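Same chain, two partners: chain A is paired with chain B first, then with chain C.
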Partner chain A sequence: MTDKNKQDPRLPDETFEPYEEPRRIPMPVYWIAIALAIWGVVMLVQMSYSTKIGDKERASMSDQEVAATTPVKAEPKPDAGKALFADNCASCHGDAGEGVADAIPPLHASDVVKAGGASAITHIVMRGIGGPLIVDKANYDGEMPSFASVLDDKDIASIANFVASDLNGLKSTVTPAQVAEIRTASADLNPWDGGSGLAGLINGLPAQPASETAPAPSPDAAATAALAMHGTNEIWSCASCHGDKGEGTQTIPRLAGLAPAYLAKQLHDFKEGTRINDSMDYVVKSLSDKQIIELANYYGAMSSPSGARPSLEGDLARGEKIALEGDWTKNVPACFTCHGPSGIGVGDKFPGLAAQQPAYIAHQLAMWQGGSRHNSPLGLMAGIGKSLSDADRRAVADYLASLPPAAANAKLALAVSATTKETSNGQ
Partner chain B sequence: MANKHPSDIPPPGPDNAERGQTALRAIYAISGGLALVVLGSLVVDFGWAPSWLTGQKSAPVAQVKGEKTDLFTPPDERTIPNDDFGASVRRGMAIFNQTGTNAHEFVGNDLSCSNCHLDAGRQAYSAPMWAAYPVYPKYRGKNKMVNTMEDRIHGCFTYSMNAQGSPSGGPPPYGSDVYRDLQAYFFWMSKGLPIGVQPEGAGFGKIDKPAKDPSRERGAEVFAANCAVCHGDDGMGQTDANGKQIFPPLWGPHSFNWGAGMHKVSSAAAFIQHNMPLSQPGKLSVQDAWDVAAFIDSKPRPKDPRQTDGISLQEADKKWHKSSADFYGETVDGVVLGTGYPKDAGASQSN
Partner chain C sequence: MNRYLPLVIVSLAILSFATLLLVIIPGMQIAKSGASPGLKPYTVAEARGRAVYVSMGCLYCHSQQPRDEAQAPDGERGWGRASVSGDYAYDTPHQLGTMRTGPDLMNIGDRLPSQGWQLTHLYQPRAIASWSIMPAYPYLFAHKAKADPGDVVVKLPPAYAPKTGVIVAKQDALDLVSYLQGMKHDYAPPTDGLRDDGYELMAAQQHNNDAAKASK
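Then we have the complex of A and B:
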């Protein structure tokens, strides 16, 4: 293009309308614009292609599902009980109900089940059972959690019928309506007190050992309960955040049934600043060492129903796989190899995860990933937090929220006399 | 254009030369754009683009140095067929993971196969079963004969599972279903691997020689700092509230005996460096791994079952423990190692 200013040099300057030369857009801008346009078109085509594939897959999947379910139609799926057993009972009682030698009684060919039938199974699943028990002449002394807060009547009926018929060859069955009656009758009752507790329930129960005497409540129990529920002038009430039954909510954790030593360690970590949280940093400031132990024992001994439900839209099947098998390609062992079968916790250092609030779990895993929680022994959780994607964190948190809360374990209580020093704030 | 009325021609319109230039510019622009697209896709393809741009997460593979990552992936347990063969595979898997329950008669300690063969025998460098199955039968110097897979498992029960202390007093008799089901499980897991070729990931992997001779004193510190959280200060492992063994005992009456492969310091060091602490493979240095392996080896455990009546500890030491540098027959902290336990104290027989 020629310079237009020079076209008519006679025009007076005053009338000259200044205008900018239509300057050319630099070449690279065209390049980028065209590249973007091509990329856009490619993406569009790709996306519509993959949705098409996805649609096809979904269509064929639902075809398969229809094919798989049509023959059984109206009747409940015969495999429902089996699948529910695998999801809820197998992590302790074994895939085939074989139990674990010296730890968990078998459910296949169990003489307790044989004597009590589907109704006794329902009673046990509803309340849980703990304490000395003899099954098939072998001694057990464990703690089975109550499933009342995580399974509905229909599911419990399916499981009880599966255990009675498929694992023990019994004819006895329960209906969801009967399960509902047992639920009402069991409300607020403690777990069955071992084999001796079952004596009134099951006719012809094989001989059972005497129950253990419950440890006497600590003399300060009432004072500790008052502290937890109502707080004092300096100390906020724990229940105001953690709930009356220590069940937690959202990103505030469930405390009920966690090992006292674990709870006490966390409280000390907040106090020493090795674990950081604005609320808890403030709360622990005025707690004496003695109060920490008493509160830890108080919550550790508390059995309360689950206050958690899957709520993060996590993929439960994926969550179950991570919890039971892990994802070793990312160096994530099964969560239960450290946190115990069904997430009931192990000893003092590996807290229970069952029925923990899913938002809290996902949040803690994210904090380990980001490095803002770094108080786990050996940094064990830091590596695991880093290896899990956001979707995996939500999946496993939701799965754990679907599990029954572990029964409180009185044996883990801390000795209050172990207190070495009272802090200046101690009362 | 020539027929057009002059007023139709836009006055400032470009002349012919300009038009040619515009066309040229268009060609430049388009080819430049194309070149950019090609370049961009190349960059993404070769993985040179930063992950924040592509949105792809680079998999965090904790690499033990010098090892390959293209390892065999055994099939998912959900693909075990629902037929009689599958039932045997499932029984084998159950025996593998809860040996003391599902092969109760033949287990004389508190271990399961899966305590050392992690992830149900699937984890590379923790002697995965898919890497063993294709290379049997095989000649083994340990018993100087060709071993079938059944012979091999017989050996595992004899030593690693301390069968001498089991209810039956020995390993499963040859021909037992225990072997059948375990082999079905291994066979199912190895599907697709070539026969007779040792796959990458076999055994416990290699470990370099340590710079300094392994020291049980240094090892004690490594143990307290890295192992005791799970295995306990006393090495006895931990159980859950129901009494189920969660973390395995590393020594003492309920652990593997003096004939087990894991009692060799070199094997234990390789296993530890590649697998421990759980979820943090490669965390311990080569030296730390050797030191802590020596520390574990310097503790008492059930006796070597080959040392039967009439064979003294010294003879047994010479016969079976000379080639491997171990603590068998030595006196550590006033305890003569290798004598085992009296029957009432634990699983093993007295000596």
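Then we have the complex of A and C:
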């Protein structure tokens, strides 16, 4: 047996297994391993910072939601009114409530406020007011939006008390509980109808002009409402996208309270292809010119609470600065110079932006930047769109979403017989 | 190969370490965080519609995971806020998706709430967007001479409407649209919500740089 296994030394050894002496792992491999480990630790540390930032952002989102949904019971701080006045009222009524001659009545030493006190201020802030009004013997005929959907009871009480006591030297005050009562009773009502509307509210109100007679409802009003609420065999109802109250959602715009001429122009632009959107192109294809005017009047005359809230993580302070002052280092003019104080819109050409859906605003600005929306008169918006960065778009959109919606302005209604139609000048 | 035992042990150890870090620990974290507080469970119709969504393979073209502002302009597209794990608590199997041939659908109920639009679009996407490459789903609908009471008639432009009679939605189409209309994750995310926050640090630095430049 042993003989067979014995190798003939002249033959090659076939059972030989080659092997290597164990060698040291080369140094570079250690270096690479150590470098990878260090990199891993650095990444872990960075990641935990990133997660902290993410958590903070989420926390600020839920704070905003809590602030928006829970009624605040605590008594207001005494100096809160001044800051709230500066943020919400000063852009129209002036920093010291001095008003603007012929356009916006004063809140400082106003005879309307003096007669009505803090409770009348609350009523006006809650519903808004529009139409002929006389304050301190001067005539006004403007529109003030309702703040019901953007200020809570505590804020409105602070503002009303500040205006009553600091600007008019009155003793009368309201408590958040009283504001809550006024809210339940009246927040859904239409804005006060100018001075004549206030007559029932305020005893001893100085003489006021008669209200303008509202335009007679169009004979087709019922058909228009049916079109808006139910659509036709061919087109979906406007309300199914724009909301029952025309408040919009995400990239679908708020229509309520925009100037009818502006709305009609947009619908014509969709029809003629100067403004492009697949859903709206489909809708307008089967609308007649008359239906377009009726629908524009229908939404223009609609007053509804804000359906927007800041949701793009924009920097609200930066947004406010862009809206009020612009940013000349980037060639951005103040939005409100064209879109009106507080973004309530000006006349037929400059649409209201207050309470517009933030995703819609940011999306439109981005489309102007990219050139896919190009229907603003004289190309006014195209340059502005190009100058705004992504962060600025979100900042200004979120700020505008936090403002109270413009009240409907019946004076702007279009005549249905109008045959001349507004068309885009195609820039 | 005379030292296979240590080789097998080392490779199994590497695999189980990876499984621990990539599967088991995240799984435990997700299980611990539970459903987002604002999330509502599906209604019966929505749950049936979800089953249709899964069986039609909508996931192959549509994701359900909007990204953060730091990563992509999904918010400006109207696709909603960045999702966190708790938003998917009732989704088995989840429909996160990997491809965005079409838009993200996590918040489609918020962006296109119209039942009519959704039905027309499912019946024939080209009736709305001539460039769409989304398949039509005509078998979710029935052609009838006349609509019976309770039928939902699909609104169609003349080019796509049948010569006679009407197109009505079958139950599957109605359920699928209920599911789409219910896709609204518009509540604030839980503060400790889990997601990949990897881009936040970079975005914060960028933001600080911009602010520094602007104040100069």
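In this section, the second predicted complex is superposed on the first by the 340 of 427 C-alpha atoms of A that agree within 3 Å, B and C clash if a C-alpha of one lies under 4 Å from a C-alpha of the other, contacts with A are read in each partner's own complex, and residues count from 1 in each chain.
In this section, contacts are C-beta pairs under 8 Å (C-beta built on N, C-alpha and C of every residue); 3 or more make two chains touch, one makes a residue touch a chain.
Here the structure is a predicted model, which means the values were calculated and not measured.
When the two complexes are overlaid on their common chain A, residue A:Pro305 makes contact with neither chain B nor chain C. Of the two partner chains, both chain B and chain C are touched by A:Thr329. Looking at the shared chain after the overlay, A:Cys241 reaches chain C, while chain B stays out of its contact range. Of the two partner chains placed by superposition, A:Pro209 touches none, neither chain B nor chain C. With both structures placed on the common chain, the touch criterion links A:Ser389 to chain B and to chain C.
Contacts of A:Pro176 after superposition: neither chain B nor chain C is touched. 329, 389 are the residues of chain A that lie in the contact sets of both chain B and chain C, per the superposition on chain A.
Only residues 12, 14, 18, 25, 28-30, 32-37, 40, 57, 59-62, 73, 77, 90, 94, 98, 100-102, 104, 118-120, 122-123, 226, 229-230, 238-247, 277-281 of chain B touch chain A when the two sit together in their complex. Chain C makes touch with chain A in their complex at residues 2, 68-69, 73, 75-78, 80-81, 84, 107, 110-117, 120, 127-129, 153, 155-158, 161, 186-193, 195, 197-201, 204, 207, 210, 214.
Partner chain B is touched in their complex by these residues of chain A: 1, 4, 27-28, 30-35, 37-39, 42, 92, 94-96, 98-104, 140-143, 325-326, 328-333, 337-338, 340-341, 344-347, 349-350, 377-380, 383-384, 386-387, 389, 406-407, 409, 411-412. Contact residues of chain A toward chain C in the complex are 17, 46-47, 49-51, 53-55, 57-59, 61-62, 64-65, 231-237, 240-241, 243, 249-252, 278-279, 282, 285-286, 311-313, 327, 329, 359-360, 362-363, 366, 389-391, 393-394.
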